[in-house]
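Both of the next two complexes hold chain A, though its partner changes from chain B to chain C.
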Partner chain A sequence: MEGGLSFLIFFLIFASFYSLSSLGLNLQWGFTGLFNVGIVGFFAIGAYTSAILTGPPYADTLFGGFGLWFPLGFVGAMVTSGVAAFIVGFVTLRLREDFLAISTFGIAVSIQLVALNFESLTRGPNGMYSLPRPLAGYFDSSTLDNLLYLIMCLLIIAGVYWAFERMVRSPWGRVLRSIRDDEIAAAALGKNVFAVRLQSFVVGSAVMGLAGALYANFIGFISPLDFIPIFTFQVFVMLIVGGSGNNLGALLGGLVVWGLWSGSDQLIASILPPTIQTQAAAARIVLIGFVLAVMLLYRPEGILRERRIVSREARLPNRE
Partner chain B sequence: MLSVVDLVKDFGGLHAVDGVSFEVGQGTITGLIGPNGAGKTTPFNMIAGAFSPTRGAIRFDGEDISSFPAHRTFRKGLVRTFQIPRPFGRLTVLENLMMVPPGQLGERFWNTWFRPAAVRAEERRLRDKAIDVLDFLNLTRLGEEEAGNLSGGQMKLLELGRALMSDPKMILLDEPGAGINPTLLGEIVERIAVLNDRGITFLIIEHNMDLVMTLCDPIIVMAGGKLLMQGSADQVQSDSRVLEAFLGGVVEEEGGVA
Partner chain C sequence: MIQFVADGIVNAALIALGAIGLSMTYNILRFANFAQGEILTIGAYFTLLVLGVLGFGIGAMGPVAFGWPLLASIVVAVGTTSIIVLIVDWLLFRQLRDKNASRITFIMAAFGVSLMGRNLITLVAGGEPKYFDFYIPKTFELLPGMKVRPDDLAIVAIAVIAFIILFAFMNRTSMGRQMRAVAENPTLARINGIDVRAVIRWTWIIGASLATIAGALLAHNTQLRPEMGFDMLLPMFAALILGGANNLYGTILGAIVVGLTEALAVYVGLSGYRAAVTFLVMIAFLMVRPQGILGEKE
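The block that comes next holds the complex of A and B.
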């Protein structure tokens, strides 16, 4: 029983990293139509930033090991991933949208290469270890420690969800959605398409960076191998399954798809002989692809579709 | 109000607009006609700021707007509609209208966190204004409908409505009558006349001659990227060059017809 509960908490903590990333992507893709295929890059920047700010000093790095209080690590993660998004967005968001896809993909690969090779900052393939786990050690039981961490993750998600809901249901969100639907018409109606897109891209990426920081400080160890392109694919599937253009859907998609992903992992481990388990793990990607295809065919709007009326006050009077 | 001087636009080797000059006087409904391919939409796009002219000047309300991008032209009080309507399909009709007014407090996202009451009050004002516009266009019952579900004619009305939301000085209408049933067309014509009485200047590209001849004065005629003539409905209808241009002749300099 204790084992089951502890597994559930662990599962939900991981789901919250994905759900938070999916929420960030929803602002970019779901509401603004920005095709960011470098999610893992911003996630990695956040993870490394928090590791450098909160982690211990290492003998072989030239910079870092500040051992700061963890919220500073989280804020720093949002700042650096936001700044990275600003730079990428500033040069690409004026161009046709496919350029954003190509450049974000390139950025994600470059960031992984930097993490791998810039050893005096990131320790390269050896990774950064002994990162402090926030809120640990208040209880004797690691399950309760994890529960506390989960609660913190949920509170952060709730805060971001609240902030995002306010944003998308406001005039700002209406401009985002109009750009998504027809950017030429939005420009003809006086909207500064570039500036608003850039804002959406930066805020969404900062939230991905925050998710990366939560991940790094929970696991306590990060290396470049943690930040591979499959992560980007997973988050996109989560958003599409959950409901692109619906913040609750984005969170739900993270939970559901992560459940499928780790559930199939358990299944493979329990029914297949150890000799072929590594190969069988690849079948998970096929499974997720299958779920995506079924979803796109039969319910392209996702589990929870975009609300018909998003702007809070956009209702006709006297229509009870 | 609007003056275009020696406007040129080349697309590669093609002279889409080849040295066109004309004026749109304040308070007029000026028509811009010409056979297909005459180069009517291109000056429209340049005036509205969709792209810049190769050469020439565009002045609006005393200011040179030749190189203004679309959103700056809009803020000067010059709005356009599109030949093929471009509604924001997944926004409701009401949202389509409410997004228009420039400089909304709530367009800065931090205000939605820190000044929610002010944003909400502004939103209610915008909603009431949008409902007034919908009432004027007889579209109120569709206010909560997704704009992508409207008929072609309703989308045209919605485009006009979006233009009105900005309290424009001048509206550029690109074929408001195309693909619309006669009843709705009559309604659009009548609405344009009412708006003109309220002081809005119009420049209208249109193929429907009934609409042009009843509504527009003066009428500018273009052919082959050049200005052919300008005059009242009677003058245009009795001009042999115009007839030739519409019946497929090739126009030469100074009115000779090949």
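The block that comes next holds the complex of A and C.
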């Protein structure tokens, strides 16, 4: 029983990293139509920032190891990933949408190279270890420690969810959707398409960075191998499956797809001999790709459809 | 010092061969094809397969460490890779076109195809590096301070021949002109009776053919890995953007800039940051001249 519960808590903590990233992506893609191919890049920036700010000093790095209080690490993670998003967005959001996709892909590749090669900051392939876990040590049992961490993750998700719901229901949120649906019409109405897109992109990426920080401080060890393109793909599949344009769908997709993913992982590990497990892992990715293709073709709206949100003032009284 | 120029030009030849397909799908099918890298990879693995079936090794041409067996295998692989690419188009992209899907849906689908392709290759061929054949690279001094391998010269020559054929096709044949017409204005092209489906088929075939050549030559120079093409994606995109996305000559020019930049990065000791340097150059270009060197404003 204890084992099952602690597994469930562990599972939900991981699901919350994905769900939070999916929520960030929903603001960008679901509401604004911005295609971010570098989710893992922003996630990694957040993870490394928090590791540098909250982690211990290492003998072989020249910078970092400040051992700061963990909320400062989380805020720092949001700031750095937001700044990275601002730079990429500022350069590319005026151009054809492919350029944003290409540039975000580029930033993910570059971040991985920096993580791998800039050893005096990131310790390169050796990774950064012994990162402090927030809220640990209040209980004797690691299950309860994890439960506390899970509660913190859920509170953060709830906070971001609440904020995003407020944002997309506000006039600003209506501008987002109008840009997504008809950019020229939005511009013709005098909306600053570029500025609003940039705001949405930066906020979404900052949330991805926050997810990365939560991940880094929970696991306590990060290395460049943790931040590979499959992550971007997973988050995208989560959002598409859950229902892009619906914040609850983004969270649900994270839970469902992560459940399928880790469930199939357990299945592969238990029934297949170790010799063909690499192939089985590859087959699983092919399968997930297939799910995405089928969703794109036959149910692009996902499990939960986007809700129609109308301004309070425009709502007819008898429809309330 | 000028050694990096030689390395850069060989780089550029491979990047350009791969990027032409990217440029063509970008202009004719109108989306950034994130699966282009996997076309290189599949082309290389097909070449390996045909080489194994033939069983002659890779041959030799005088000082060049590959000969007709490799070239013949590449020709066969060009055919099989084109068929695979056309099947993927038929299964996925054609349906998205029929549904009038947005450009971003295409990009996302391509991103999915890229990941699936990479893992399918791992599944079938295994994840460990493979080689065409064992050979001892020879070098000679072309200019004072500039060492090259005969193979490098052959690679650049093959690329130049491929580009001459490409531009002859685009400028002299009816299909080439139709492709340019569709790139310019698809609706007008269709009204004028151009068979857009045939144009799309040729777009894929040309892109896949040049990508197969790039993949096979890259594999000869280095090794075969399921990620080999994916690692080329960023330099290829950078070449596309730098040169001017709507101009094929520009793509080649962009590839030369990217190839030289990467070689320079390696030369000054930043070999770990090759792709990141490319990315910075690309971002700088987008800031100053987003339409690229030869491109026109959209």
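The rule is simple: the second predicted complex is superposed on the first by the 311 of 320 C-alpha atoms of A that agree within 3 Å, B and C clash if a C-alpha of one lies under 4 Å from a C-alpha of the other, contacts with A are read in each partner's own complex, and residues count from 1 in each chain.
Convention: a contact is a pair of C-beta atoms (placed from the backbone, for glycine too) under 8 Å apart; a residue touches a chain by one contact, two chains touch by 3 or more.
These numbers were taken from a predicted model, which means no experiment stands behind them.
In the superposed model, A:163 makes contact with chain B only, not with chain C.
By the touch criterion defined above, A:286 reaches chain C but does not reach chain B. Once chain A of one complex is fitted onto chain A of the other, the partner contacts of A:5 are absent, as it touches neither chain B nor chain C.
By the touch criterion defined above, A:189 lies against chain B but remains apart from chain C after alignment on the C-alpha atoms of chain A.
By the touch criterion stated above, A:175 is placed in contact with chain B alone, chain C being left untouched.
In the superposed model, A:269 lies in contact with neither chain B nor chain C.
Comparing which residues of chain A touch chain B with which touch chain C, the overlap is empty. Looking at the complex, you find that chain C touches chain A at residues 26, 31-32, 34, 92, 95-96, 99, 101-105, 107-109, 111-113, 115-116, 119-120, 122-123, 126-127, 230, 233-234, 237-238, 241, 272-276, 278-280, 282-283, 286-287, 290, 298. Residue ranges on chain A touching chain C, taken from their complex, read 29, 33, 35, 37, 87-88, 91-92, 94-99, 101-103, 105-107, 109-110, 113-114, 116-117, 229-230, 233, 236, 240, 278-279, 282-283, 285-286, 289-290, 292-293, 296-297, 300. On the chain A side of its complex with chain B, the touching residues are 163, 166-167, 169-175, 177-178, 180-182, 184-193, 196, 199, 203, 245, 306, 308-317, 319.
The touching residues of chain B, when paired with chain A in their complex, are 48, 50, 69-71, 74-75, 79-80, 82, 86-92, 94-96, 98-100, 102, 104-109, 111-113, 116, 119-120, 122-124, 126-127, 131, 140, 143-144, 146, 162, 166.
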